[in-house]
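In what follows, a structure is listed as structure tokens, so that the remarks can point back to it.
Labels A, B, C and D are assigned to the chains in the order they are written; within every chain, residues are numbered from 1.
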Amino acid sequence: MFKKILIANRGDIAVRIMRTCREMGIETVAVYSKADAEAAHVLEADEAVLLGESEPLKSYLNIDRIVDSAEKANAEAIHPGYGFLAENPDFAARCETSGITFIGPSSRVIRDLGNKTVARTMMEKAGVPVIPGMLTATKDASSLCNEAERMGYPVLVKAASGGGGKGMRVVSGKEEMEEACLSAMSEAEKAFGDGSLYLEKCLESPRHVEFQILADQHGNAVHLFERECSIQRRHQKIIEETPSPAMTPSLRNAMGDAAVSVALASGYTNAGTVEFLLDLSGRFYFLEVNTRLQVEHPVTEMTTGIDIVRKQLEIAAGNPLTLKQEDIIQTGHAIECRIYAEDPEANFFPSPGTILVHREPSGPGVRNDCGVHEGFEVPMEYDPILSKLIVTAGTREAARMRMVRALESYVILGIRTTIPFLIDVIKSLEFAKGETCTDFIARHFENWSQNMAGADLARIAYVVDELTAVKRPAAATKEKGWPTPWETLGEWRI
Amino acid sequence: MKYRLKISEETAALDVSVSAGKQNAEFTIGEKAYSVRYRTIPDHCLHMIVDGKGVNAFVADGGEGKHVFLKGKSFLVRDADQLSSRRAKRRGPDQTPGDVTPPMPSVVVRIMVEEGDLVKKGQGLIVVTAMKMETTLVAPSDGRVKKINTSIDAKVAPGNILVEVEEEENE
Amino acid sequence: MFKKILIANRGDIAVRIMRTCREMGIETVAVYSKADAEAAHVLEADEAVLLGESEPLKSYLNIDRIVDSAEKANAEAIHPGYGFLAENPDFAARCETSGITFIGPSSRVIRDLGNKTVARTMMEKAGVPVIPGMLTATKDASSLCNEAERMGYPVLVKAASGGGGKGMRVVSGKEEMEEACLSAMSEAEKAFGDGSLYLEKCLESPRHVEFQILADQHGNAVHLFERECSIQRRHQKIIEETPSPAMTPSLRNAMGDAAVSVALASGYTNAGTVEFLLDLSGRFYFLEVNTRLQVEHPVTEMTTGIDIVRKQLEIAAGNPLTLKQEDIIQTGHAIECRIYAEDPEANFFPSPGTILVHREPSGPGVRNDCGVHEGFEVPMEYDPILSKLIVTAGTREAARMRMVRALESYVILGIRTTIPFLIDVIKSLEFAKGETCTDFIARHFENWSQNMAGADLARIAYVVDELTAVKRPAAATKEKGWPTPWETLGEWRI
Amino acid sequence: MKYRLKISEETAALDVSVSAGKQNAEFTIGEKAYSVRYRTIPDHCLHMIVDGKGVNAFVADGGEGKHVFLKGKSFLVRDADQLSSRRAKRRGPDQTPGDVTPPMPSVVVRIMVEEGDLVKKGQGLIVVTAMKMETTLVAPSDGRVKKINTSIDAKVAPGNILVEVEEEENE
């Protein structure tokens, strides 16, 4: 096993990876930007290296600097986390040529599966159902229009090198098609340097169901069951759970087998996720493979008892997978909510700033994978994710009620968060019924605003705080008093 | 004691009578009366017993008021009287309702108008980005772009006036 | 289901019960003593009632006051937690006659099983193996001596109405026997008002293995597997785990069946624990039944996914147990450490006082059932338990390493705790091997003291704190500044 | 700067040179040298980089020194110089090495001697209880019980002198 690894990421996921490393006796090297000198992942690591300025390109996306830091620190492997360079084939290739183990699949696999049309072709060959659509991408708007006509509207315009909803358009009729192609092409060109597009048939109210897979370097592959991630905002998942309320044992077997086929067909190694769409009739279609650890991996961990990061490290070190498919059992139900620094009352505007008070929820079945702490100034340069709150319980309903309790006791003051919005979603009758599909939020929570129940109590608390303020001068000034010294930045290692 | 406290756009009048030294108080808000006992728990927590029921509130002083956490909700509670006097002050000669300011710390990525341009209410003027999300700031009213005080890649924060739009006489 | 219940307890267990209540939509009434006005369980409850002065007899043991409080608050049931009145048959009987549901077995069952010799007789009849020993208790020292001669030394002298090691003596030879009986009798008389004693054969290095049982009011009973609780100090468990490193599938079945037989033979309802001793040859003997929720119940919860408190409430409300034995599956391994306010370097002296800093450990597989918070003054009147730290992971070794990480990141300043001692025990080769028996601590950790590795760093931290103190006046004075107002005490309810 | 810091019974001398305003310092303790960078993290946490390795310490001021938490261990670190001057002060005319004081806040449950009794070193004098555990306080030396300053059920705390034992001349 590795003695020391570098984690090329920040926040909640860097902290989470380091914790497993510590438990395995592996030393950790954090990297950080100027904005993150006091970030949680820096405090958690054994060593920390400053990458540079706060802009991602100068820090967490700076391949040269990261590989160089790993070499200097004698780290034998790099864990990319998710986001940033996690699915960048050039980064994986650079690690490979530098003799540093990249904790993930090979650069070839990342490149193949990163190209949506290459992946689609590969899966069709392997007998995995794919959404009806084009197998080659093009920049020719008129051929896209013809194809759409043939396929029948509504269609989905997607970027060949897509991600995060960029370059994606739902087109419901002929008259919108050309304009949609042109704007999607320009967006994709800007975002990925590749404006080529392809079309997929647009499913009606599909569910997003994905399977966690593990594949070693010796040809063994298993899946760890599904996660349902249908609750999304702007193509970003916000609530995930397992098991999926839509799943039956036979469907689970069929989809699980398909996921393992995907792993074997692509030559996959390490942990990955095969995403499917599931339509109302119970048919499923291959969507794409995420060639990395997934934000929602904890719901799988909490119901299977398997530490996925530990498995990633074992696989990357060349250990054979000793888990057999039949030994993997799922018990109970788990739900994850992503806690974002966004203002849900103001169209989910990002809300960076200083966290004045931070009290994490706790108790039976509650896990909070957190990347921030009290006093931390959440930077505006990065993803707004603050933490992932996960609960597990015996049944979906018990897990749902546990999530309500956990969300209601999660105190974050100073910045806006999505917590009040999530409470209303989790409490809703529709969520309780398990009627989750990818247009759930648009359908039920458009123009949400916080109801004013509790406003009187909040006003009372204001006054009580005034009444007692004299007696706690320390507490009142504390958050303003803390200094941000050490402006002289540099590497910590010698 | 009397308070006028504002949450979002709703202002309510509070009438408070405190029992000296006893850590309890009677509140009247509109038609409703509340009997409240309270104690402070380190750190930032107020444990209140409101009409017999336990309530834990967390309070932190922010810029424009107090942030109050209650059972998963977070309210920004502001003193309406201080607020109006502060507003009155701020609306000095160098500040007008046509000022465009970002809602959060962010970076300017696009400027879509030039000084002197005529703009319509709601028209996009400037795009800022924070946390990987772009937000378009729009004209608060019909008018003419009087001044642009920023540039591409500039880091900006709430309160910074990025664009000044002057209302036209004939609006 | 109940709408409102009263929790006749304090600290970690009261908080833990309230959390499940909240998740089930049940309102909670806390009771507290003068010393506990700012205790965690008071903050967690919907309502709170002051019982009286801090002395247990005037507060948490005051049956009249507690039942009266439940009636006034319209609580339909009382959960006794563990300790205090949890195994007091008079309290259960008082609830029964007052028409309040006691969340536990009937007063008759508590009384029967509370008398060790009655329980032994009952179990012998039911075919459950008991430790060779006397079935009737006596106050006649000479007949005890004769019996010991017949049984063969070493023998265990035990009080018929015993508990917590009081009135218990290990006697290794004839010459000590009479003196041991006399002193045990006097101790038992003082502690329980009943000086009668009986003898048991003394096993050599036995393991303490117990089974969690659930039995409803309709004749259904299941077990939730075993817990190994061999790591004890002065007959007090300090580390518990499941599965037991000594268990085999066939032994587990045999012991589980015996535990269920105990439940059925005694007419048991609700959650309970059947304790056994397991000797070196793999023979097991009935020890006693704990007729309440057990401190170590979380290790069972974390490996079976079953919320035992939820089951207690469902059973008490008259719901039938829908769990079938074959549906109950255990995955992974869980370990619990009890965190006590004791000084492990000073013969485990109690260490009450104010908690200046409190940072709970977190991360995958970590649960901390805690009854204290920063700024809380741990009272000297009650049990020194501060919290129960529980971890779960795929294997015993992974759980052990996770526990080390969790203990090492659990910050409690201001009072002494057993954390450094627990770290050394968990890290020890003997614990790693699973060679746990009831004399483990006496054998391996007699006269433990904290090693001084890290002393230089602590001195450096002292100086750095001095260097930076000026810059953080607020933080430095905070713990001293907080007021303890509201000295006028009374009920909160109206 | 020089410090003499005591943990348990071990005192060590520290030589510290601080780089002004730079949040780093060089330490020498005995033969060993340490290069330390540090920053304060709210609340109570010191993040130090000692010879390149990250260390999180939590520090709180206690009565007799600072409580320092490091990786599961908690040390009471005391300034040896302050300590000896404080001790010198405390050993005034009304305090002697024969004083018996409880190690923690507790309640007196039994008093086993009377004023005037002759006692042997290690003999039990008084039993106190805290957290359901009884502890016997013993005579610090052979001598005579000069004074008993407490009674059954009294709440007592460290520093309270419960029994005064006077050493006999012929000891």
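Basically, contacts are C-beta pairs under 8 Å (C-beta built on N, C-alpha and C of every residue); 3 or more make two chains touch, one makes a residue touch a chain.
Quick caveat, the model's predicted, so the values are computed rather than measured.
K.L.:
Quick one: which chain's Cα centre is the longest way from chain A's?
P.N.:
D
K.L.:
Count the C-beta contact pairs for B-C and for C-D, then tell me which is higher.
P.N.:
Pair with more contacting C-beta pairs, B-C versus C-D: C-D.
K.L.:
If you average the CA atoms of chain A and of chain D, how many Å lie between those two points?
P.N.:
50
K.L.:
Could you grab the centroid distance between chain C and chain D? Build each centroid from C-alpha atoms only and quote it in angstrom.
P.N.:
Taking the average C-alpha coordinate of chain C and of chain D, the gap between them is 31 Å.
K.L.:
Which positions in chain B touch two or more other chains at once?
P.N.:
Within chain B, residues 38, 40, 42-43 contact more than one other chain.
K.L.:
Listing for chain A: what residues touch at least two other chains?
P.N.:
471-472, 475, 478-479, 482-483, 485
K.L.:
Can you list the residues on chain C that touch chain A in the complex?
P.N.:
Against chain A, the touching part of chain C is residues 15-16, 19-20, 22-25, 298, 301, 304-307, 310, 329, 331-332, 360, 362-370, 392-394, 398, 401-402, 404-405, 471-475, 477-478, 481-483, 485.
K.L.:
Show me the residue ranges of chain B that touch chain C in the complex, using the header's touch definition.
P.N.:
These residues of chain B touch chain C: 22-23, 35, 37-43, 45, 47, 49, 51-54, 56.
K.L.:
Going by the contact rule at the top, pick out the chain D residues touching chain C in the complex.
P.N.:
Going by the criterion above, the answer is residues 1, 3, 5, 7-8, 10, 12, 14, 16, 18, 25, 27, 29, 32, 34, 36, 38, 40, 42-44, 46, 48, 50, 55, 57-62, 65-75, 77, 103-107, 130-133, 135.
K.L.:
Touching residues of chain A toward chain B in the complex: what are they?
P.N.:
Within the complex, chain A touches chain B at residues 341-342, 346, 348-353, 356-357, 359, 380-384, 407-414, 416-417, 419-420, 423, 450, 452, 454-465, 467-468, 471-472, 475-476, 478-480.
K.L.:
Within their complex, state which residues of chain A touch chain D.
P.N.:
Those in contact with chain D are residues 37-38, 42-43, 45-48, 373-375, 478-479, 482-483, 485-486, 488, 492-494.
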